[in-house]
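Below are two complexes that have subunit A in common, paired first with subunit B and then with subunit C.
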Partner chain A sequence: MNMIADTMTANMDNKPEPQVNLDIEYTETVGAYTCDDAKISTRDVNVFYDTNQAIHDVSLDVGRNEVIALIGPSGCGKSTFLRCLNRMNDTIDICRVQGKILLDGENIYSKKQDPVLLRARVGMVFQKPNPFPKSIYDNVAYGPRIHGLTKNKAELDDLVEDALVKAGLFDEVKDRLHGPGTGLSGGQQQRLCIARTIAVQPEVILMDEPASALDPIATAKIEELINELRKNYTIVIVTHSMQQAARVSQRTAYFHMGRLIEVGDTNKIFTNPKHELTEKYITGRFG
Partner chain B sequence: MSISALLLLLAFLAAFGFLIGRQKIHLQYKQQSEKPRITTLPKYFGYVAGLVSLIPALLVLFVLHVAETPWINHQISEVIASEGLQTDLDLDLYLNDIKNANSEAEVAALSHDKQVIHGHYQRITKTAEWGKSAVVISLAVLLGLFALKRINTETRARLIFEKIIEWILLAAASIAIMTTVGIVLSVLFESMRFFGDVPVMDFMFGTEWSPQTAIRADQVGSSAAFGAVPLFVGTMLISVIALMVSVPLGLMSAIYLSEYASRSVRAVAKPVLEILAGIPTVVYGFFAALTVAPFIRDLGEGLGLSVASESALAAGLVMGIMIIPFVSSLADDVMSAVPQALREGSLGLGATRSETIVKVLIPAALPGIVGGVLLAASRAIGETMIVVMAAGLAANLTVNPLEAVTTVTVQIVTLLTGDQEFDSAKTLAAFALGLMLFVTTLVLNMVALYVVRKYREQYE
Partner chain C sequence: MDNLEFDQHTSKEYNNELEDVRNHLLKMGGMVENQLRKAMLSLKDRSVELANDVLAKGDIIDDMEIKLDGECTRIIAKRQPAASDLRLIIAVMKSITDLERIGDQAEKIAHILKDLMSLDYQSPFYVELDHLGQKVLGVLSASLNALARLDADQAVELVEKDQLINAHFLELNDHLIEQMVRAPIEVKALLHLSHCAKSLERIGDHAKNICEYTIYLVKGKDIRHKDIQAVKEKLF
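Our next item is the complex of A and B:
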């Protein structure tokens, strides 16, 4: 809730500086926002908090088994956009989403779609590590238990171990699986949250600044993990760090004041941005 | 000088000390040629001067005030002895006559002896009063002057002021603790007297309660029985019924309010629910006695059960309604305090709202929920009025909720109402019951604390 409120106020206050005061109202997205093999595709998405519009006409495809990074200054709507992809915004009363968001060609905002099932298919990792106040084992087993993914204890044990191994956490916690998840370090907690998400075997993983609360070593581990996870999952990552976007993603989308300004291959965006706003952001002139 | 005038004067002196002290430092600062950038504000020196004159004077005033009456009594009894007057009566009663004679007509109505003593009494009280005033005022003035003379810009006035505040706060906290200790001790000592008459085992494990003692030896039922078991069973029965009503209802309404209700519904529903706690218990009492109890009796008769017109069930149900807000309000607060991140984490894994509530929120909020239930339980155990009106006074040893029962608190009330001697086993039994009740709730508290600590799932 708070984060959203912050986003809203930031959106209103964070006017670009005079010299970059371009008329972005009618800016078309620069670059190819479509993909050949799209896992998720959004068309003309508008998001409102009450009467404030946080997202304006965003159309963007996310390719299968691709890591796409959403970058942009604070309050530009990238987190809001991310939270549309698994209908997490449903939990906010005043939030309205318009437009089409397709997952494997099916509109996730259609009446037939069960948001709970959707969230099992589109997992989410949050900015601040938020392990449940339960044991490490129970944290990872939480999703599988809810969805009845395993038939017996042995299968569940295997699934938990598998998820922890994939998240690169197993060796560090194998002796204290029944110790509290909140007792881990920040980086370990975040990898626990990733393991918890993997355990549900989602198709897409959304990451909302997953490393912003972590130290450089823990961040490096998370980035390594993202590179590893790409083989099996489609990943959408919101990040403040352009280096991180450059290291982990294949495509990058630049958001500014609720609009998608430019999207393209990561190396092209960072070496040769086409839009003036993108260039200014990447060269550190604002943001 | 009367106490209120004295207090006013002390406050005036303290204010004076404050102003002078502040001004003194203010002037000293002005005279300094090289002024440090940050200095202690002059008002702190004023506070120190004012409080140094005020607080010891107040303490001495309190001590003197408490000591005044014994001193006057002592002086008067010496006067009585020296005048060679006869006081075959109780000295306290004799003195009361004199002290209560305030108007001239009342003085004239006293016997000659007493009029003489009354004259002495007035002289002594005057002495005491003026002595007290003189001591207190001179103490305040002297300490104030001393403080004013001693303070200068080098005094660490802020630190002294902080220390004084710390002591004042400590004193405030200790008043509550001392009062509790005092209550416990007085109940304990009276109970000891009771257990001098009635064996502890008979009281704790006896199954018959009839506290009436015959006045004459040849009356029927001359021996009283002080078995507290029926009372405690009655208390537990009614409390359990009340908790069975209030815990599920309270918890569910808390979950609805904190997780499902929209902001506007919550803004209306929560205060309305809390109004339940504000209804006087006596109103609940006649609601229970006049509406619920007959309803239950009729319902029971319809089902072919025999229901007493005053039943534990009626009292328990109404009490349960009454304590719903204790559970719901606290549980709602703690559940709302669970970080949003935990909710989103669970929802993000594809859990439904109800799964999130059962598996994440309630475990995380458990300490607060147990706290609310505990508060409700102690409220139920201590509740008197509803039981008096709806469950009756008969000390039946039964766990059948359809019969009339009585509780510990109700019996304490009946034991102590009316004109009673305070040294009979009957009245002293009230203290023993109070002690038992106190111990019970204490044990309940400790068990709950243990449960909370053991099953707590810590977030953050």
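Our next item is the complex of A and C:
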């Protein structure tokens, strides 16, 4: 295991420290941002898009086998923060990430860390279902094939079936595994994407508004699936639906203008938040 | 966060709905308070008309409870309230149950008073009962004010006062029992007075419940069945 490295940056260029323009008076995060058994630990994370600071000093632990919901108004930085957790922001040239992000104590921004392998450990499901233009089977088998997770066809078949079962999709597609993934309904496509993520046996699943493009029934299935997946995975979910956050997560973190304002037990956040900004957001008082 | 505001939502319609619920709750509270006041006046003036008036208005309070329950249910279904909005709805739904029961107790008192007046029973206990009634009326009125002003400090003081009402009731009841022993012929009338006193004591309990909901609404803590001194030290 790597020793904890000092502050790392995603892009190691020597740009001058950008000027920070604070629009809100900064107070320290309300609530316990640490966990006893943290799968992911972030400390003093700052993210810049060129000179524009999107995330300010965010420290947050994600507990093992926990679902944590990141909520906040549009542009608050919750998706940016989520994307830091598997280095998806590396693909954006002007993006710089500072601070510590540890997965099981290892700095994911260390030079030794291969981002491709990291993304196998920390999978991601996006807002819009994005199956490959391939068969259902090949969508799920794609990851295990490129990572060499199976030795033969029989093992791959088992792995694909297992992923589809875990994603709650197998019974609906078992008779058409070689039909196109894009022929499924929106909800089924999203569960296919979850199966594709699970197939590479990740430890953490990041979900960026996974049900925002789905109808209520498909959404309920995804939420039920999240509850099931929690037994085996750690899940970080960004959602605009506060009811969804309340239903699926054990902890909730509220972001506002790039800052982590409050984090705590979901039941408490939704009945008795401590910070006025959290209260205003979850009660719909932001105009 | 004690400075609760219910009129700052992005949706003005939602503001109006919450405002309506609050207004209707306070209106119901005012009506219930009036019922008790009239019942106590009926006791003081030995007025059958006032007792009848209390009995006639009972249905209006029942209707208000049903109406408010419906409004709260619709808000939950349509708005999925959270945080202070959720606590407001919960506090309203619980408070109206207590208010309706206070209304029932006021009706019960009115019934008993009519029976007592038909017995033509004269006793100094009427004055003692009136003292208890005025005390309960004062606490009920203050409880409704605390709810209207979202004043948790006043609410917690009133929760404590319920013990005084209970003590007053027990003392009065002891006196009534002593009188029953001394003058068995008066037992029927004395039992009526004892039932009146018990109704007043129950109204005190309901007023205390309303104060507890006010504290829940303002502070976000459920203090029911907790030691009030410990609550004061921790929350205030």
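To be clear about the criterion, the second predicted complex is superposed on the first by the 261 of 287 C-alpha atoms of A that agree within 3 Å, B and C clash if a C-alpha of one lies under 4 Å from a C-alpha of the other, contacts with A are read in each partner's own complex, and residues count from 1 in each chain.
Please note the rule applied: a residue touches a chain if its C-beta (ideal position, glycine included) is under 8 Å from a C-beta of that chain, and two chains touch if they have at least 3 such contacts.
What you see is a predicted model, and the numbers here were worked out from it, not measured in a lab.
Judged by the touch definition given at the top, the superposed model places A:Asn130 against subunit B, while subunit C stays out of reach.
By the document's definition of touching, of the two partners only subunit B reaches A:Met88; subunit C does not. In the superposed model, A:Arg230 lies in contact with neither subunit B nor subunit C.
Look at A:His240: by the touch rule set out above, it reaches neither subunit B nor subunit C.
Contact with subunit B, but none with subunit C, is seen for A:Arg119 once the two complexes are overlaid on the shared chain.
Of the two partner chains placed around the shared chain by superposition, subunit B is the only one that A:Val200 touches, whereas subunit C remains out of contact. Within the superposed three-chain model, A:Lys280 lies in touch with subunit C and out of touch with subunit B [touch as defined at top].
By the touch criterion defined above, A:His56 lies against neither subunit B nor subunit C after alignment on the C-alpha atoms of chain A.
Taking subunit A as the reference, the larger set of touched residues comes from B, when subunit B and subunit C are compared. Within the complex, the subunit A residues that touch subunit B are 1-2, 86, 88, 91, 93, 116-121, 123-124, 126, 128, 130-134, 142-143, 146-147, 180, 182, 193, 196-197, 200. On subunit C, the positions that touch subunit A within their shared complex are 1, 5, 8-11, 14, 79-87, 220-221. Only residues 262-263, 339-352, 355, 359-360, 363-364, 457-460 of subunit B touch subunit A when the two sit together in their complex.
Contacts from subunit A toward subunit C in the complex involve residues 242-243, 246, 270-274, 276, 278-280, 282-287.
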